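Shared between the two complexes below is subunit A, which pairs with subunit B and subunit C, respectively.
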Partner chain A sequence: MYISLEGISKRYAAVTAVDEVDIAIGKTEFVSLLGPSGSGKTTLLRIIAGLERPTTGRVLIDGVDVTDLPPHKRGIAMVFQEFLLFPHRTVRENLAFPLRMQQLSKEEIASRVAWAAGILSLEGLEDRYPNQLSGGQQQRVALGRGLVAHPKVLLLDEPLANLDRELRQEMEVEIRRYQMQLGIPFIYVTHNQEEAMSMSDRIAVVSKGRIEDFAERSEVYDHPKTAFIAQFVGRSSHFNGTVSAVSSEGASVDISGVKLHVSRNANLKAGQRVVVFVKNEKVQLEARTDTARANSIDCRIKDIILRGAYAEYILDAPALGAELVATRPRSETVFTAGQEVRAFWSGDAPDIFPADKAA
Partner chain B sequence: MTISRLKRKATKGLLLLVLALTYVFLFLPLVHIGIAAFARNFTYPYPPLWTLETVANMFANNLYRTSLLNSFILGLGSAVIATVFSTIATFGLLRYAGRHVAKFVLLFMAPLFVAEVLLGISSSILGGFFLQIPGNLISAMLANSIHCFSFALLIMATQLYRYDWRLDEAAMVFGASPAQTFFEVTLPLIWPGLLSAFIISLILSFNNLEISFYLLGATPTLPSMAWGALRHGIKPELYALATVVNIVVFVILAVIFVLMKTGSVKFGYRPERESSIV
Partner chain C sequence: MTHKTKAVLLLGIPTAYLVLLFILPIISLIVLSFWKTESYHLVYEWNIQNYVTVLTEGAYLTFLIRSIVVSVIVSVLATAIGWIAAYAIWTYGGRFRLLLALAFAVPFFTGEVLRVIALQGLLGPVGLINGTLMKWGFAPVRALMYSNVASGIGLFYLYLPIAVTVIYLSLLNLDRRLIDAAKIFGAGGFRSFIEITFPLNLVGTLIAFALCFIPCMSATLSPRFLGGPNGTLYGMAMAQQFGESGTWALGAAMGVILFLFSLLAVVLIASCLDLRRTGFTGFGRN
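Take a look at the complex of A and B:
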């Protein structure tokens, strides 16, 4: 693989920030490190950059062991959350900085800076100083500074966190396009699952310094490997219950008297305490009828939140003693607040995990 | 209503009086010497009989010129040493000291709490009597840079406290070596702090008598020469000397002030949103 981390740990006195991480990343891959704040994902990125030394383990970039190399000898580039543009340099000088450090010719520098200014629509701003730019423009300069360098790998530390939503979505598309254009790996740290989902080839979910799972984005979303991932990725409701029976077709789960069928059994034993997650978009709604239906619960619509093409129904399920949420396209039947409905889902919709491992 | 207005006026008047008295207290000696330096009747120059003779005499005197030059060399040397070391020390304190920072600060500040006379005597005992190094400008320079270092460190630390060290990291990941990082990014952003530390050190050691006195040997500097001259009675040239030095300092300050007011010289990078009194 093009970049590998082998047995990387980072400990500060009593705290373990990164714990025995192994990752291998291909030459043209876009990889996201997704995790909540304090999970160690930024430390991991800084270890790849050479800004932190791992306590144990090796970092290899393009087959070379760079563990003991300082950042400037690693041939990398980085985009920071706080942009960190050089305040005493113009946009042009900021963009040219990595190229000057590589001692490229004046012509080469000029043409690459012009290229970056072009694709990032920074033309006409080249002679401004960072404090004369808007947040979005500063972000584009920060990104451009990483792209012009043609690094072996571009490290991105929550580069879009300081931008508003609209700008962020625009930039997600752009960033992915540059990654394909340059044909180099991007390692993208974020706590925002939407960003990770929209851009990545693979996602590494990080929690408490460990990699919970490192897999294709659809795999991470559709088949969460751990309860933590099920909770952190996507939006879902969850219930605590007990396994009442296990068969080859799955498991029956008892949730405060309500029987549910789960077609994945995940090596469960009868009597085991479990947590069941159901993704909001997998919960369907229908008007109450007398016909019985498996995996259904009578609910009352407490509130409706409109999200453009989707409506989020906040449901009160007295039988479960809990709330659950159904996200439905607005092209479907429209329900109103206060209405008594029935929520149901297919047997393969829930993800089920032993309760002791639940977050 | 009239009473409260009277009260306000009285308070304001009192404040102005205190202000005026403070300035008189601070500047009266300087003004007196300034007038005396240009007066024939220098012991009681009221009214002054104006003359430029004293100033001319002073400039004609070889001893004064040598002293001035020596003082300047001493000041410059100490300032360079103090600034270099205090810069390194500040970097260490702010970046690497961690939880030990208080201990290091205490050590670095210690020279401020030692009487300068003691600093001078101990340095001369160590250098002159124990190590047998004859007193000269170099030994005085080294001794002066000890307490200049502490002052310079205080100034640098307050200035560099606001520096965002992550800019150094940004430079490094884009291929800058530690030296390039310092000269391309750090130095251009922190030089105002360095300059103020340098100027303060320069002035301190230029004016210093207590430390230099024991280490200079036979080398005259302005303060040591002035002190020596006092023993042979106060000469008018001393008035002229004091005045000329003061005038130079005031002119420099005035030029800096005007340049900064008009904005033709910006002291380093300053974020737009952040305003400052200068």
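Take a look at the complex of A and C:
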């Protein structure tokens, strides 16, 4: 693999920020480190950058052990959440900085800076200072400064967190495009699952300094490996229950008297406490009827939140003593607030985990 | 109280204070410099003789040039050493940073006269250094005894704490992560200092320099107690006009010339300075 972290740990006195992490990343991969704040994902990125020294373990870039190399000898580049443009240098000088450090010729520097200004629509802004730019423009310069250097790997630390939503989605597409153009790995730290989902080849979900799972993005979304991932990735409702029976077709789960069937049994035993997650978009709705249906619950629509093409129904399920949410395309039957409905899902929709490992 | 009343009060009081205690005395000094003094009496007779005297008499010019040379050397050294000390505290001070920075202000607690006299005890002919040397049978270091070097050492000692404090405060305002960024993009430790740390603290550095240079130019204590017979500096000569000689008008003219000189120096430095190249916005860190 092109980049490897082997047994990386980082401890500060009593706190373990990163705990025995092993990751291998290919040369043309876009990898996201996804986790809540304080999970250790940024520390991990700073260890790859050389801004932090791991307490144990090795970092390899392109087959070279760089664990003991300072940042400036690693041939990397980074895009920061706060941009960190040099305030006393113009856009042009900011873009040229990494190239000057590499002692490239004046012509080479000029042509690469022009290239970066071109692809990032920064033409005409080259002689401005960072404080004369909008947030989006500063972000582009920060990204350009990372790209011009032709680094062995580009590290991105929540680069879009300070931008508004629209700009963010635009940049997601662009960032992914540059990654494919340059053919170098991007390691992208974010707490925003949508960003991770939209760009990455693979996602490493980080929690409490550990990698919960490192897999293809669809795998992480569709088959969460742990309760933490089920909770953190995607939007879902969850219920605590007890396994009442286990068969080769799955498990029956008793949630405050409501029986549910789960077609994955995940090595469960009867009597075990479990937590069941159902993703919002897998919950379907229908008008109340008398015909029986497996995995269905009578609900009342408490509230409806419109999200463009989708409607989010907030459902009150008295039998469960809980709320659940159904996200439906607005092209489907439209229900109204206060309406009595029935929520149901297919047997393979829920993800089920032993309760003791619940997040 | 409305926002506007508050603004008027908060800006107005210091302005009134400045006018009363700063602008008025300077104006009276300027007026005084165009009068003359005869046998300890002021004569209200407009003339420019005082200026002619200061600018043509060899002694005053010697004092002025000597003062400039000593002040430049002392301020450059104080700024350079101040940088090293402030940078060391900022980088390696850890949780003792505040304490270390305050420690540099400790000499201020005693007052200038005591500090200079303490130095006299250290540097003088029978002082700690030369006394010890002689006791061990070595020749004393003449340069330390009542000389311009000794008076320079005194000035350096007086104003180094100011340089350290100003540069340290300037460094505190620097976003350390910019240095991380420079390192990521290929700059080593020295290179990132040259490219990032120093230029972004240039304003602080110049203020430190000016806050050493200007008091050095008007210094009286250090040259009087440490400078010896050939150590008269401009400020000391100026003070004498108001004391022993009783030639206040001449002293006032010297003061005005010093004021104009300092003003010129500041304007010159400021005009060579492109604030944008120092990341200085005047609005703090954004």
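By our rule, the second predicted complex is superposed on the first by the 359 of 359 C-alpha atoms of A that agree within 3 Å, B and C clash if a C-alpha of one lies under 4 Å from a C-alpha of the other, contacts with A are read in each partner's own complex, and residues count from 1 in each chain.
Basically, a contact is a pair of C-beta atoms (placed from the backbone, for glycine too) under 8 Å apart; a residue touches a chain by one contact, two chains touch by 3 or more.
Since the structure is predicted, the reported quantities are computational estimates derived from the model, not experimental observations.
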| item | value |
| --- | --- |
| Superposed partners subunit B and subunit C on subunit A - clash or fit | clash |
| Touched partner set for A:310, first subunit B, second subunit C, both or neither | neither |
| Which superposed partner A:101 touches (first subunit B, second subunit C, both, neither) | both |
| Partner chain in contact with A:221 - subunit B first, subunit C second, else both or neither | neither |
| Partner chain(s) touched by A:87 [first = subunit B, second = subunit C, both, neither] | both |
| Touching partner for A:70 - first (subunit B), second (subunit C), both, neither | both |
| Common interface positions of subunit A, toward subunit B and toward subunit C | 49-51, 70-72, 76-78, 80, 82, 84, 86-88, 97-98, 101-102, 131, 145, 149 |
| Subunit A to subunit B touching residues, read off their complex | 49-51, 70-72, 75-78, 80, 82, 84-88, 97-98, 101-102, 131-132, 145, 149, 155 |
| For the subunit B and subunit A complex, residues of the former touching the latter | 164, 166-167, 169-178, 180, 184-185, 188-189, 269, 271-272 |
| Complex contacts: residues of subunit C adjacent to subunit A | 175, 177-178, 180-188, 191, 195-196, 199-200, 276-279, 281, 286 |
| Subunit C partner contacts - residues on subunit A that touch it in the complex | 49-51, 70-72, 76-78, 80, 82, 84, 86-88, 97-98, 101-102, 129, 131, 145, 149 |
